[in-house]
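In the two complexes that follow, chain A is the common piece, with chain B as its partner first and chain C second.
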Partner chain A sequence: MADRKQPSKLAVWLGVADNPFTRQKTVKFGDASAVNSGRLWSVATVAALLFAWWAVTRWGLLDPIFWPPLDGGLYPWDNPARARPGVVDRFASLVVEGYRNVPLWEHVWTSVRRVLLGVLCGALAGIPLGFAMGLNSVARGLLDPVVEFIRPIPPLALIPLVILWLGIDEAAKTFLLFLAALFIMLIAARAGVSSVRISKVHAAYSLGASKPQVLRYVILPNALPEIFTGLRTSMGVCWGTLVAAELVAADQGVGSMMMVAKNFLQTDVVVIGIILIGVIGFTIEMLMRALEVWLIPWKGKG
Partner chain B sequence: MKHTNLLTLAALAFVTLLASPASALDKITVAYFLEWPTPNLVAQAEKTYDEALGVKVEWRAFGNGNEMSQAMASGDVHIAYSQGLVPWVVAVSNGLPLRLVGIAAAYAEADNCVVHADAGITQANAAELEGKRVATPIGNVTHYKLLRTLEHLGVDASKIDLVQMNPPDAVVALARGDVTMACAFGGPLQRLKEFGSVLMTAAEQEAIGIRVFDVVSVTEQFARDHPALVRKFMQVTDQANATYAAAPDRFNETIAVAAGMELAAALEFLETSTFPSVEEQLSAAWLGSSVQAFIREVAKFFAKHGQLDRALDSYEFAIDTSFLKATGP
Partner chain C sequence: MNGLVIDDVSMIFTLPDGGEVHALQNVSLHLEPGELMAVLGPSGCGKTTLLNIIAGFLAPTAGQVHLNGRQVTGPHKERGMVFQQGALFEWMTAAENVGFGPRMGGATRAEIAAKVGHLLDVVALREFADEPVYRLSGGMQQRVALARCLANDPDVILMDEPLGALDALTREKMQGLVLKLWKDTGKTIVLITHSVEEALFLGERLVVMAPRPGRIHKAFALPFADQGVEGDTRAIKIQPDFIATREEILTMIWEMEEEIMGGGNTG
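And then the complex of A and B:
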């Protein structure tokens, strides 16, 4: 015991040393759970990408039309009259002055609100329907043709109809996101129901549980892990749909901002939009994972 | 055996894909608008361009002039027949290597804003537009006209909820009453007029100095590498305009079909628009001097409104009339 030196916490966090769990593993190659986080290399990747961007800017390797400079002051402009802001200085001006009379945080919040609303509506409708399809043959028979017909249609293909029916307001955008989330949630809930171990259901009945009790205390908690995975997936898909939905009638939101910036060839604003979406999506995913650990600690242990 | 065939096919397809940029001059690509009935559509339909230029000419429809600029930046599109002046100014101000080689059409009547009939807004109470929603393509001639018109009528454009919509979508939005006013060009404008009336007539707008015209632009590289093709393109266009002017009735049908429009709608556009000849384009009224002055005005206006980061001091370097001059008999 004493002859084995404990690796430092930092080394474990960076993933260069084995953590207490992977240390016990005898097989290193072939066992996915024995792989360390490798955070050191993540940090190195980000640093290398940033350095590449800086280098491209510093020596003017890419025309700013195609890829914006990191900072406008850094780029060697052959014609000072053409000098334009880079991503860093543009971001600063977006934060301070906003884009098209709308502050940047409002663009971001508009987009986040739309995605959350779409996922929420999709979950509220999709989970009960998925449960019904998983538990009742009439419901399954009724819904199956409709679900299987509409599910493969990408929400974006419905944009022309949605404009006609719902106009260009929030309702239209939310509806598109709702559709994107609905079927993912429905399928997830249905899969969740079928993943409940039948022995648990039998046990509950033999203990005298009523149908509502079985639903509430056996099926729901056991289906939650699948439902949560569905929530995470639909959140990601909704971000993908959002940008296209916002292009319809661009007013506010990150997608709209990118659309208008595109028309003025402001590549820097477009890239800022891309980075923002990536960062927000990443943050939401991290929050969802934390929420999952907190809300359903029994995941993977049933 | 089957396997090898498939593999060979895949390899061949791959090689063709790779090779296509190199042999780009088997064909050139021209950007144009649908529902935009210009006389040269006759030459497009009858493949006169292909014959005169000696290469295949592929016509690609775009939704607005900025999309044309972007496609030209990537090098996939060589010529834009008719790009709005404003998208061209935006592109050149941002350092895109586009060259203005001619004037395509002046169409004051075919580009305007229509107020919904229920809104009860006219020039007299135009300030009521503040706080309302207006649909327009953003960053093009229509947008410029809208901003100039609002400025003239004393409306604060920053208080208007401006949404980016291409003309066909704008018609749906106005028809549904989602927007109080919609601005569009070409065929959709005529459909807009079914739901309301224009805020300011074209004649009134021209009186306050708003000019509305499209240009012919080419990428700098194409102009440098293939000046003969650009010259011939301008030549064929000029001939098409002249042939049409001599006997419009003979070609109206062809043009309407090529533009994808009803004959009546196409006629209205053709009758109210002008397609200046080479001599006219080179005169003081156009590229002789006044276009250059107007371009500076447009750039300054957009820079003032914060849409352009900066206006260039001069746009002369991006205007090349040598092709027009060389078209002479």
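And then the complex of A and C:
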């Protein structure tokens, strides 16, 4: 007789106890759905990392040049002469006063705006080209060599050429991100067109649809899930490319903020930049996933 | 000549390696308006190829297909198609799927709404009108597919194993619905199936095809479809006549397969 006593909800949420369904399974090793969240251990990991950060700098185990203190470390019993700004204090001052006369949110928005603009331009050009390649053999023949040649080149490798052509201003960054997004969107749109099940196309023609109607009402909606996956990938790739481009040359943006801070040995600003880049990248990914569920609920259900 | 005329149709596929497959050889059939013909045969006998030629998706190597005196050269809404599964537009609701044909034809909103409402009643899906089709069960999806096809009021309905992916119980119920729609609408129907029982029950006429090359092996005229419109589905399927014909056809197909396999002891 199995133990009928149920674990508390808190214990299940924290992952220290299996949920009631998993508890009834006898085969657990090898069953991925029987591995619970282990949230307690996630909390422990974060806490340990923060404590380690606090501790190594509090006790002076790391030079602040290499790794900044988490907080100022000035407690009532400390010697005021030891006071120095920590990352938390620096973040507060960046939010309130900005960095080198530019508010922090403006650095962030500059970077995000460049990504959005680059992805938008890439999608506007790439989707029609991808459709053309998927639907027409002349277009496929014309574009295939270019696509296959440029596809394996990382966008970062184009930075020197783009700087030679367009310098280091906004146009150069937009163009670089446009190129990065263009080929991803083109390939995604082409795959979306190719993925249409022929019986859907046949059904539409048998129902009296014309070629433009088949394109508009069957091929386009059928390709939307792949196009959206392309948008998500482009956002990720463009974000990475942009930060690199800003590290090379820019007067605004998260990457440029970090490069300037490096020159002044402001390791705390550099670390804040790294964390910001991670948080923004994560947020973009989450927003895109939510948008996908909202806009394309039929994905994977054909 | 009225009705659907398949005149000496042959289909030879050329393979990438240069070889040739005779999918159909000299197939001739004539369906009067309102007839329901079931086409049965082992896999590879060309029955789906035949349907694709009638639908206008493939051009035959030789021979012609005419509907009401006009030659078939491509797909047209006079020949509606019901596929096995996965041919609904999953980005649309049940009602939008049913209304697709009239909408493409430029019907007004009111006309579409009236027609869709009526057809959803016919297939008993009124309350699911605004559900996306991917949330419907397999049987409900096929009812949407039937309604979508009827919405265009085609002369001929081509069915490519429309019930093939359904579970046995749903399948029996759907067979009753197909018979009812056939009698109510008076459409000409060509039904491809690999279920002997389904072919017997639904086919007013039954054509058994043989493979390599795909050809008509034997044709039957059957009484069960007419009985099925009025009578009890289950009762018909246990009639001695029904069972005897089923055994005859099963034996025929069995022997055909034995012949293909070289008469070996294929279990």
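We take it that the second predicted complex is superposed on the first by the 243 of 302 C-alpha atoms of A that agree within 3 Å, B and C clash if a C-alpha of one lies under 4 Å from a C-alpha of the other, contacts with A are read in each partner's own complex, and residues count from 1 in each chain.
Assume a contact is a pair of C-beta atoms (placed from the backbone, for glycine too) under 8 Å apart; a residue touches a chain by one contact, two chains touch by 3 or more.
Because the structure is predicted, anything quoted here is derived from the model rather than measured.
Applying the stated clash criterion after superposition on chain A shows that chain B and chain C can sit side by side.
By the touch criterion defined above, A:263 reaches chain B but does not reach chain C.
Once the two complexes are overlaid on the shared chain, A:297 sits against chain C while remaining clear of chain B. Once the two complexes are overlaid on the shared chain, A:199 sits against chain C while remaining clear of chain B. In the superposition on chain A, contact of A:208 is made with chain C only, not with chain B. Look at A:65: by the touch rule set out above, it reaches chain B but stays clear of chain C. When the two structures are aligned on the shared chain, A:234 is found in touch with neither chain B nor chain C.
In the superposed pair of complexes, A:249 makes contact with chain B only, with no contact to chain C. Fitting both structures onto chain A leaves chain B and chain C with a minimum C-alpha separation of 40 Å. On the side of chain C, the complex with chain A involves touching residues 55, 57, 74-77, 79-81, 83-84, 86-91, 100-101, 104-105, 132, 134, 148-149, 152. Interface of chain A with chain B (complex): residues 63-66, 81-82, 84-85, 100-101, 163-164, 167-169, 248-251, 256, 259-260, 262-266.
Put simply, chain A touches chain C in their complex at residues 197, 199-200, 202-210, 213, 217-218, 221-222, 224, 296-298, 301-302. The touching residues of chain B, counted against chain A in their complex, run 64, 66, 69-70, 73, 87, 90-91, 94-96, 133, 135, 137-140, 158, 161-165, 169, 172-173, 176, 178-179, 307-310, 312-313.
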